[in-house]
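In what follows, a structure is listed as structure tokens, so that the remarks can point back to it.
Order of writing sets the chain letters: A, B, C and D. Residues in each chain are counted from 1.
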Amino acid sequence: MKEKLEVGILGATGMVGAEYVRMLANHPWFKIKYVIGKKSAGKKFKEAKAGEWVTSYEPPKEISEMVVEEANAEKQSADMFFSCLPTDAARELEPLYAKYFPTFSDASAYRMEPDVPLLIPEINPEQWVLIKEQKKRGWKGFLTTGPNCTSIGLNVTLKPLHEEFKIKKVVVATMQAVSGAGFPGVASMSILDNVIPYIKDEEEKVFIETNKILGKVVDNRVEFANIDVAAMCHRVPTIDGHMESVFIETEKKITPEDAAEVLRNFKGLPQELKLPTAPDQPIIVREEPDRPQTRLDRYAGSIPGMSVVVGRIRKGLDDHSLRYVLLSHNTIRGAAGNTILTAEMFHKEGWMYDYR
Amino acid sequence: MKEKLEVGILGATGMVGAEYVRMLANHPWFKIKYVIGKKSAGKKFKEAKAGEWVTSYEPPKEISEMVVEEANAEKQSADMFFSCLPTDAARELEPLYAKYFPTFSDASAYRMEPDVPLLIPEINPEQWVLIKEQKKRGWKGFLTTGPNCTSIGLNVTLKPLHEEFKIKKVVVATMQAVSGAGFPGVASMSILDNVIPYIKDEEEKVFIETNKILGKVVDNRVEFANIDVAAMCHRVPTIDGHMESVFIETEKKITPEDAAEVLRNFKGLPQELKLPTAPDQPIIVREEPDRPQTRLDRYAGSIPGMSVVVGRIRKGLDDHSLRYVLLSHNTIRGAAGNTILTAEMFHKEGWMYDYR
Amino acid sequence: MKEKLEVGILGATGMVGAEYVRMLANHPWFKIKYVIGKKSAGKKFKEAKAGEWVTSYEPPKEISEMVVEEANAEKQSADMFFSCLPTDAARELEPLYAKYFPTFSDASAYRMEPDVPLLIPEINPEQWVLIKEQKKRGWKGFLTTGPNCTSIGLNVTLKPLHEEFKIKKVVVATMQAVSGAGFPGVASMSILDNVIPYIKDEEEKVFIETNKILGKVVDNRVEFANIDVAAMCHRVPTIDGHMESVFIETEKKITPEDAAEVLRNFKGLPQELKLPTAPDQPIIVREEPDRPQTRLDRYAGSIPGMSVVVGRIRKGLDDHSLRYVLLSHNTIRGAAGNTILTAEMFHKEGWMYDYR
Amino acid sequence: MKEKLEVGILGATGMVGAEYVRMLANHPWFKIKYVIGKKSAGKKFKEAKAGEWVTSYEPPKEISEMVVEEANAEKQSADMFFSCLPTDAARELEPLYAKYFPTFSDASAYRMEPDVPLLIPEINPEQWVLIKEQKKRGWKGFLTTGPNCTSIGLNVTLKPLHEEFKIKKVVVATMQAVSGAGFPGVASMSILDNVIPYIKDEEEKVFIETNKILGKVVDNRVEFANIDVAAMCHRVPTIDGHMESVFIETEKKITPEDAAEVLRNFKGLPQELKLPTAPDQPIIVREEPDRPQTRLDRYAGSIPGMSVVVGRIRKGLDDHSLRYVLLSHNTIRGAAGNTILTAEMFHKEGWMYDYR
């Protein structure tokens, strides 16, 4: 077999960076060449993380011993780069890498740029063509983004329902885990025995991103969907896994049974292509009255953390509305895993190379 | 001064019972005569609770030393009884007490009976007249109920908004504390690092109770309101305090500023009557972007646990919708406190005695 | 290859029972024949657990579909039985099974019987010979027990230190997870934002069991060791994993470096025999100042949950004392895993069959 | 009545600073003149705290509206200053204030200086005389310190036992709340469902401070006690309240009954002087098997947070050893409250003025 593609991880020493490392450490197609960070540049990866290990994962020795490099798109060279940089750093650095390399980001900086795809591989792979427009930026590489972790879980479930029942309105209340705020993120004094009904900018992102994700690609542009989304976001004392309680109104009649059927049968391009990080079922539907639960279901499915688990599908207020609950792992499906799956799709479909 | 009225507490050894004891231990008008329970009948109150003390409150000696009695409406006699019995016990015992005595319950058994008021003193005191119909049951006393803890917090805020803006639709997601399930209630294995998106029968109660609470009294009956309420109820790892995230649609135009004004200025009959358990402000409106928070705000206000704290009042989806968050202490405003306030109102208004 | 040995699980529907099922579901030597329980007898295993699933594990279909049977040693027949019954049930039922079958228990009922081994396979395999004395009970089978979950973690570390430095005194403070109390076990109202400095009978067990475990086998009896053990046991709000903070005094001089060396190099019979459930390292020594941590290290090692993780090895008060911290998974190494490892050892060594 | 003494609070905007403000806001003798901080200098006190409100306390308007000043001992003037500064800031600033003013600190910077008292008012008030030596530093004012929060709870209980039974050895395991680390302090990712068996420098402090606290004052110096203290410190997921599990060895015979008697009857100078912040009982002894508990007992007693609650007094290993559990509120008795009580004692005894 051909050698593995070499990848660099921008922001490798953060909490989502750790998920990239874990998911790429034994990846069948990709191989980590660079772990890139700022504060810990010059240290070994294992030392960079020393003060911040808050997960039980420990990388293999060849990665632990890697020296963290500072970002330098001019000197570094790889088949592709992943970015989970903080917003400001992403804004500055991602274009420098996209100038030369395929760059797959889950950062928010460029999500809403008209020529940048906002991708969930199962949901809107067709947005890949937007990268063609990036030639106008003078880039030889390109940049893709993945949505906010809350938007991803939501839109994985909205898409098949929208196709079938035409969604007009969404009211969604989220109960988000602390890992969503990174490390150190939320202080323990702030969240023990508490709920915080506020996450900066999150509600606006869920609204606008949903309309880009579910939009229609016309002439290498996205015509936004026209769905009303009222998001209400809350931080709760859980470690990983965002739960979202959803109420939707639809143009067509909808029943819980039909909705369950549609969600259960949903498959996307990654499943068709049998990509390494594609879960067998993008959506797992539970029948029990009290599932999904955050701690019990966040790793459900064939690729832990990549399936969205849906339950409590029940009537809304009438024949044109529905309530359900979803759970999505925020740092896997909601960040690192979604972006790796995107890169796998680009590789398998040859989009990286056609483009060049 | 006239002597205090003697009261009995049905279900005194449970978790809400403990709140009744705490709030009545130094009450200016009422005096505990009976602590009534089943399993611990015959024990001293302090021993009855021995295995179950899960709050830091310790009752004064004269109550600690009281002997828990079994329910016996024929032998016991007091000026009134409070009931926080489990549903089945309430169904059996409350009528036996109502036959002779004013009986103020927060149990669910009789909430939806046409001749039983479902009262939040600030919101719908006019429902008191329903007790007149109870004569037909052959009762010399009467029975009132208070709504479910989740319904109470919600309706305290819905009422003034409904008066001003006419509410058509409510979508509410709740994040409820474990004390709402009593003791032992929710197992720690079930809720640590977890959210459970299900509380049995809760969503149905919130819908139907809201329409009784906000209904109109005509000829000693309630004509139900006609408000669509889609509730989505969740248990989260907090000890006390139910947070509710609310989306409403209104007939009249609504702005966050107007809504805040209406909520902030709201007062009810208990405030007018200056009842001992009436908080100065039934609704406290917070301006900060991240309040209310469960741990920080559950005891806010002049009577700890009696005010509903509202925040994050913001636009819904258009000029006829609104989002906001509310926090309400589930065992105080949501149970014991609400019912005690009801009894104070009946006493002050002379409704107990007119009736006889 | 020879067919797998058939096993029955007494108490299969409890929390530790679920660990047995998980660890035996794909076991190379053993195969589940019976899931035995009382309350759910007659139901399918998956339904038996329906109300109590508090872990994310879901058994394979052939087990989910098994019908839970009531205990009946006369009618059931298998190559061996495992028991994780509650104490009273264990007292009644284990002898009935031991009468006919090799019976491996982690329940406390018979731990202190003179003819019953109290086994941690790496620590005191020689106690197996006690079962020879059980012939006098008229048993064709036999009964072994494993220690209390707290005793196991402690003694895995005490043994190698005792061999090398001769321990005289142990002061140990434990911080135990809620799963140690089973399901529903500890109420959430009791443990959120709380520490409970009391676990019934636990401190006595740790003292007496340690002296049996570390005793000497003479003529098929255990001469107890003579170690002072002052245990102080606490429940803390963690899900799985008992942390124990240990202070020891030794006859011989002891340094942290020597102690670390001894612990790190420790291997037992299961490692030698390469038993399927034997971790490569019974003890993992961490060098970081702040490890082990409950959430990060409870699944460390080659067989998740079977290694005891030790850290913070530091001076005690003088040259003859030492402090260290250990973490041990209470339902795996502390219960199901330890007992399965015991059965593997008996099978591999032929102790089950020699005996007959 | 005479006017209140004016005080300044160095470090007023931190978490312990908030406790000073709360306890001094309505103090009968003292009145806040300055709230002093660095990062928020120039802002109103309520704004300084805006991002950090993690307690439910809200100060009265006259304090909320105070402008936070930067430290400036040359320009500020008050009857006394309190300091809860971080170590480095304390090292720099406390001498500048002590040069002119009575300065009462709970910071660690100068605790071990030979001429600085390390005070728990009930335990070692006689150390006050050390301040006489501070004249040699050319100070017109003086500096006192209070011990580490863990040392305080421990030594409140050790002192009466030491007097009666002569303590030789202490092994103490602590389970400390997150508020002990300040704000933001411990990240939620670090402590949810976790125990961290390490708090930097804490174990050394407990050892050395105990020996200074329980030392003997001779010629305005402290002759240190000679007690072996092996501390093992752990962070657990509780908000407030340090639990400590203690094993002691004594020269004289000790029984649980005698120890309980001694602890229960203990009173100190603050009780004698009836100081405003002195709890009726410095030590509350609980008889139940499972108390104290962190959430239930941290505010026990007549001055919430000022009493140390002791329970589970039981045999150690022999007639010369004992086990018990104590709970102490870390930011009140363990910091702000202890220091305010110290200042009250100095004021009442006239030590501030005699000295001058």
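Quick notes
As a convention for this text, a residue touches a chain if its C-beta (ideal position, glycine included) is under 8 Å from a C-beta of that chain, and two chains touch if they have at least 3 such contacts.
Owing to the predicted nature of the structure, the values given are computational and were not obtained by experimental measurement.
Using the average of C-alpha coordinates as each chain's centre, A ends up farthest from chain D.
In terms of C-beta pairs in contact, the better-connected of the chain pairs A-C and A-B is A-B.
Centre-to-centre separation between chain B and chain C, using Cα means, comes to 48 Å. For the pair chain A and chain B, the distance between C-alpha centroids works out to 42 Å. Computed centre separation for the pair chain A/chain C is 41 angstrom, with centres defined by C-alpha atoms. Across the assembly, chain C contributes residues 54, 192-193, 237-239, 295-296 that each touch 2 or more other chains. Interface of chain B with chain A (complex): residues 169, 171, 173, 175, 192-198, 228-230, 232, 234, 236-239, 243, 245, 247, 289-296, 311-312, 316-318, 321, 323, 325. For chain C in complex with chain A, the touching residues are 50, 53-56, 192-193, 239, 288, 295-300.
Partner chain B is touched in their complex by these residues of chain C: 15, 54, 178-179, 183-193, 237-239.
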